[in-house]
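Here's the structure we're looking at; comments come further down.
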Amino acid sequence: MLLHILNRSPATSEVYRQALAAMGPDDRLLLIEDGVQGALKGLVGRFGDVRGRLLALEEDLAARGLEPLCDDSVVRVDVEGFVTLTEEARKTVSWF
Amino acid sequence: MRYGILLMGAPYSSQAAHSALRFARAVAGRGHRLEAVFFYHEGVHNAARLAAPPQDEPHLVDGWAALSADHGVPLQVCIAAALRRGLLDEREAARHGKQGHSVEPPFELTGLGQLVDLGLRCDRLVTFGP
Amino acid sequence: MENDEEQDVAGDLLVILRHGPHGSSWLREGLDAALVAAAFGRRVTLLFMGEGVTALVPGQQRGPLGQKGTAPTLEMLEMYDIDSLLVEAEALSRLGLDGDELMLSPRRVEAAALPGLTACHSLVLTF
Amino acid sequence: MRYGILLMGAPYSSQAAHSALRFARAVAGRGHRLEAVFFYHEGVHNAARLAAPPQDEPHLVDGWAALSADHGVPLQVCIAAALRRGLLDEREAARHGKQGHSVEPPFELTGLGQLVDLGLRCDRLVTFGP
Amino acid sequence: MLLHILNRSPATSEVYRQALAAMGPDDRLLLIEDGVQGALKGLVGRFGDVRGRLLALEEDLAARGLEPLCDDSVVRVDVEGFVTLTEEARKTVSWF
Amino acid sequence: MENDEEQDVAGDLLVILRHGPHGSSWLREGLDAALVAAAFGRRVTLLFMGEGVTALVPGQQRGPLGQKGTAPTLEMLEMYDIDSLLVEAEALSRLGLDGDELMLSPRRVEAAALPGLTACHSLVLTF
């Protein structure tokens, strides 16, 4: 399992497509910074069958007031959970 | 585990530095060894010793220095990326005939080889881009 | 051409804000430019476009390292007499946001009205 | 015509500074008056006096200074954007208790009001973003 | 007539959509820097009915070796032509 | 997990280049990292992805202010024994580029092969 990290919003950047293209079937995708916009109900569909392996950084959702708008399918983790994810993943790949 | 961090975002312009510093603290808090933070691309601006952010905002340059002091983490700045962006320590300033310097310890100017070494030596390298 | 010039009536400055809070300094630096222009007595219109519409989401907080964010600045807009606040309707629907719940009750702008907006301000700054 | 330029990209990281400098030269070459170049956002890094790019690459900081000397163009740097990014002239360094400075004439630290004034006073303001 | 200036490639950035949305029927769009990728035959279709009012900066095409790949419908201007365009336009709006 | 680890065989470092020449320093800084790794004896794979495929377009020139660009650096790759050069097929077709005319004759990688690439290198750096 690899952990992919995305910090751009799928609303205005196509970078999320690169992350999706590079992901294997067990890989996880963590949304951070402006990337957490991807967790919104209106945008989460862009991530297709990654749902279930799609996570978002709690602190970045909270700072933006986006927690109430976050789709239920997105797993929320705090920064300690972020570290745990990197422990579990063989390596990380960042997309920005 | 042994961790490395690669930071390529400038402070204030992007959130990357905030995210990286917070992640670094969490890594150390979990008992891992953070072998180094490597600053590349616009990330070299994190070493700007003259940074004077508003007092009610986090001071990232000081934040990195505190992390280094607390956990003995080397702060390695790519020398090629730094020089073209105006970030020189005393030695490089002298070598380039410039008065004054903009980088000081615990930040150290070093070569890209350190990044390769860090990435392949550590169990995990995590990149924070702008 | 003459006719064209006469379109410059709706305001001095249109500031287009296309980035959300916290992720970059674009939003803050764009708002600062708008506030300064208003403080100098200029008529300023703010257009929240694309990701910028998330600047108006209620319930924003300080960042985990204590970053202020831009919500407090937004609350100062009225004090500076910036009351022309517009939000791109298409961006709201793309993000799945409900315009009614936004801070500051901005006016929705449909796509067809955007060209007129850029045309009718003396100066347009994009952030 | 009277022109103004707003530059928001850092040198080397993006092409914005190259484009803006070249456009500025062409504006002056066409006989227009370039009233000022305003540096905002990451554009403030164009004022980094310690920049030491490789000798076979254009030196943008020197390029702006030459433009200023040739055509009397003020180089105005947003003070708020500059301070948080480590760009201080001697006066601001003293005011913030820092040793040394990273900005010197012909670059001048100034307020955002100058940008608004420039944009509304000139016939044309052209923005170069990163 | 307003001159819109775009410096991002439509291949990876959605910013070109913002520029198109803000353009009036007489406005022109100048592609500069990475934006000149939009002049490629494979991408020029993204600009829809702006064709004819779509320009690209010659020097930026040349530096990238893209001149031979540039679509015939795109008008090429050098930096002096760029200045002329700003003279003719009532104002400029930059998209980045 | 065991099996998973064994995928780390194709190389030490995968450098993903996603930006074209001249527009930013990403391409140059990514290439520099690859060259240094190769000089240190590491097995390096370069993947040109998205806009990065334009780095391989022939006929590149210096910028109008004399900027070097990255074409001369690309020609050094062979000297450094970097011969694993890959280009994203989907990006070529999106940009309407003909892969046969590219510098350095990179090998096309179809979308389905990308996950395997990130999995089989010890370290992946994106630029």
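Residue numbering begins at 1 within each chain, and the chains themselves are lettered A, B, C, D, E and F in the order written.
To be clear about the criterion, a residue touches a chain if its C-beta (ideal position, glycine included) is under 8 Å from a C-beta of that chain, and two chains touch if they have at least 3 such contacts.
Everything numeric here is computed off the predicted structure, so don't read it as measured data.
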Open item on the list: Going by the touch criterion stated earlier, list every chain that contacts chain B and also contacts chain F.
Closed with: A, D
- [ ] Moving only to chains each one touches, count the minimum steps from chain A until you reach chain D.
- [x] 2
Task: Far-end chain from chain F, centres as C-alpha averages - done: C
TODO: Name whichever of E-F and C-E has more C-beta pairs touching across its two chains.
DONE: E-F
- [ ] Sort the other chains by how far their Cα centres are from that of chain E and give me the top one.
- [x] B
Task: Distance from the mean Cα position of chain F to that of chain D, given in whole angstrom - done: 34
Task: For chain A paired with chain F, centre-to-centre distance based on mean C-alpha positions, whole Å - done: 25
Task: Centre distance in Å when chain B and chain E are each reduced to the mean of their C-alpha atoms - done: 37
Open item on the list: Centroid from C-alpha atoms only, then distance chain A to chain C, rounded to Å. What do you get?
Closed with: 27
- [ ] Would you give the residues of chain E that are in contact with at least 2 other chains, written as numbers and ranges?
- [x] 7, 11-12, 14, 33-34, 59-60, 79, 91, 93-96
- [ ] Going through chain D residue by residue, note those that touch at least 2 other chains and give them in order.
- [x] 12-15, 22, 41, 57, 125, 127, 129-130
- [ ] Can you tell me which residues of chain C touch two or more of the remaining chains?
- [x] 18, 22-25, 50, 63-64, 67, 122-123, 126
TODO: Please give all chain pairs that are in touch with each other.
DONE: A-B, A-C, A-E, A-F, B-C, B-D, B-F, C-D, C-E, D-E, D-F, E-F
Open item on the list: Going by the contact rule set out above, which residues of chain F touch chain B in the complex?
Closed with: 12-13, 25-26, 29, 32-33, 36-37, 39-40, 42, 122-123, 125-127
Task: Complex contact set, residues of chain E against chain C - done: 1-2, 14, 18, 21-25, 27, 90-91, 93-96
Open item on the list: Touching residues of chain D toward chain B in the complex: what are they?
Closed with: 10-13, 41-42, 45, 48-54, 57, 61, 83-88, 92-93, 96, 98, 100-102
Task: chain D partner contacts - residues on chain F that touch it in the complex - done: 22-25, 63-68
Task: Interface residues, chain D side, partner chain C - complex - done: 6, 40-41, 80-81, 111-113, 115-117, 119-120, 125, 127, 129
